[in-house]
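As written, the chains take the letters A, B, C and D, and residue 1 is the first residue of each chain.
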């Protein structure tokens, strides 16, 4: 699968909206081996220090010309230290990891995103056929990332909770016309409550739905069994190796 | 005593010889309150990380115009992270701490240094009367720091173990003429075996000797009793609060 | 702080403290060393370095070794002894306005009792904290804190001599800390504080010998916090007396872990060594958190209502 | 490596290993997950995830929490069960050329024995590692590893079924680890490995609840290394069988702390999660160190000659 564990050079790392950064790192696998929806485990190299201890999972945002890109929000110490990196610094990177969005050749797919759920979109748009992106946010400011998203030929419909841009309400309000219009699959990435609702709506119509899950991870590689998510039929699957992209029907959304 | 615990801005931090850096930080106490031989506890600010856990003791190298300078060798992770700082970065600093070299007004003092023992010299030369510096090194390369030492009007005599510069042998070989010539006090800073020998030689002639000690430190402020050094009469003194500069006669040099 | 005013005061077995943040024994000297950095009235109290009847020199150096997010120390209970503490340190410390708690240690129950008796007549000592992590010379050097009967004997002996608040400081180097906590509660302790350091060691691989002259040392700092929070959580659910949480607290968030686990107060140790003003920051941060969460008093922080008191160690079921 | 050639092979209770660096149970999956990053023949052996007689689902999520220099996990012994391990995992793992050690767990001595019996007929399993940190259902859930008699019973039961190398993995959550070590030595263990995780917990102060669904978790990683080195040092001096050191090893320097303390081999756990190639780096680093210090065989690393075997816990005298 071409997964590697390397020390990679940062080619760019800059804030593109308050608290949100876009970082590119040198990655030999960026040109072909990585598939949309896959992720890497990343850590700012800090010689001799073991706090933070573990790498952090970030979706591959885009990949071309030997550079893998990530779009991330600064949340805590792991992402905080990533944000301090400058061009030429080193980052420890394991990847690409996990199950990608399926390849549904020629199919019409709608992507329902919330917040940072847009992160995997550019690579997805480059490699798969996405007809439409439905994007939810609480406020206009959360849409700042849109300006840097390179989504050639893909229309974006927006819903904000405060109505400042686009539809006033939830992003899931925008989905029914597409389900009724016979879209062939829905991809979704974002907060759990949103993905749960998307999954429920698709399930009710019998439309295939693929969700990109999140879970706390230690290894990202199937070693620790830490990233468990309950399956509909009982038992657990592991987000890092069975996912992050899974058939939404197999999840016990709870 | 004006000691403070602050987050201070780095004004300069650059390598002056392989593995040796000179760093200046903004310090309100730099203009008057600090005395030669005192030290600070320093740590590169790394938000959210607690490894390394403790600050590291470094002698105040020089102090003027609101800037405190340090001259340090990269040894491990604490000094390694300091070396990565660039102008404008923040460093956590507690100081100035400890007992300084005594003020022997008008007296003739010889300073015997080994390796990084030269660190406190510029401030000492600025504030006290030093007639001569005797400096020991293993090889010529170890003398590179001399180029940046600002020691107005002070002569430096050198001994190298391989004879590449100055006297071939130990720095202590250079001391007897001064002891015989009636120098009034000897200050010493460097490796323990060197300081032990200087102390012994001074003791034998009845010349006052002040040594700047080193010990592993946690607090640098007399809180933990960790920095113990055995006293000649039994019991311990604490390098951070009873020293680092102590009357060499009180130490059980062992 | 927000507009809301929060009540930070706490009561610990009869002792009223202005706030729940204390300075831990052995990491704040005799208190005075901290005054350049910290107004001692801003913390709930100062637990001074462990005092024995006679002065002690302590262990030979090296006494310190830093480990990942932790500190090993083998100070060896160096202290000025009860007399010099009372004559020269205590008056100065009281002059700062600090609430003073004295940590005591001994090598027999009688010795503990003798120190308590000696300190009883001194004015201004608000509480004793009995450090039972010391080796019991009569029982061959196993620490009092590792044996419920020996621990109870020490507490009973001290209790006879000391009427004010009596805190017992527990060792974490035991199979079941709640067993010791229950034993000292039954023996008359007003509160327990935990944890003392975990027994550890480090080896200098280049010198090929233990780093510490004493071979072993006590591990403190953020590294041990998860163990400390667990033991406090278990102990809160096993005894009725107040529990003081200690171990790796370096921020208000860390202190809140213990207060949410049910601790009535906390102590800040190694963090003060790394940053002498840490405790004051922590007090402010707790106030800010309480205001943000609309919690008006410290006692309202504990998660849920602590249910029927059960032995803690049995909770553990399936790890890994 | 220098010009000098060093002998990295070790012998552990009858088992020959090419080098002393093993992958710790639960942190290398069933070995196969690591092959993109690591040639499994470069490590001394692979200790696979704990296997029970029947498959286990494990604990509900969240199962992980990072702490300062540490990791809390409450996987809950999720595993595919003995049958599926033998049919689908083991053959693939053996095909990589790895030396395979199987970690086993149960909730009664009989269950442990039954797994040993089931695995006995499988070819290619070099050793069993018996994880006695599991709760003993018959004794109300206290772990086997916290009671010398229960630990000995498990080992005796397994010993009857298993003739190859038998390693017993000890829990650090005890007052005196050497007591348990001596008990399992007497019961027939060929080697002991330690430490398993320290019991800990973390609280999410914003959500105001324990981070882990299971409340408690096992603490691993560099944070625990000083405790692990101490316990290994004590155990080496208390038993005659080989000791395998585990706990917070992330570099050759860290591994050497254990080997210098007298461990015959080491296991790398959490470090593999953070960096899947860690163990290979460690093997190289040990070789380089040995060459630099002119030490020709791993058994020559231990500090001094280990003197007359004494009980370790008594060493502790004066801390702090």
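Methods note: contacts are C-beta pairs under 8 Å (C-beta built on N, C-alpha and C of every residue); 3 or more make two chains touch, one makes a residue touch a chain.
In this text the structure is predicted, and so the values were computed from the model without any measurement.
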Given chain A and chain C, the chains that contact each of them: B, D
Furthest chain, CA centroid comparison against chain D: B
With chain centres taken as the means of their Cα atoms, state the distance from chain B to chain C in Å. 36
Between chain A and chain B, what's the gap in Å when you average each chain's C-alpha atoms? 53
Suppose each chain is reduced to the average of its Cα coordinates; what separation in Å results between chain C and chain D? 33
Residues of chain C whose C-beta touches two or more other chains: 26, 58-59, 68-70, 73, 75, 221-222
Note: chain B residues in touch with at least two other chains are 50-52
With chains as vertices joined when they touch, what's the shape: line, ring, star, complete or other? complete
Would you mind writing out the residues of chain B in touch with chain A in their complex? 46-52, 76-77, 80-81
Can you tell me which positions in chain A touch chain D when the two form their complex? 1, 3-5, 43, 50-55, 92, 94, 215-219, 221-230, 234-236, 241
Interfacial residue positions of chain D with respect to chain A in the complex: 26-29, 33-34, 36-37, 49, 57-66, 68-71, 73, 75, 78, 221-222, 250, 270, 272-277
Considering the complex alone, what residue numbers of chain B touch chain D? 50-51
If you look only at chain D, which of its residues touch chain C in the complex? 26, 50, 58-59, 67-70, 72-77, 133-135, 140-143, 146, 173-175, 197-203, 205, 208-209, 214-219, 221-227, 229-230, 233, 248, 253, 256-257, 260-261, 289, 293, 303, 313-320
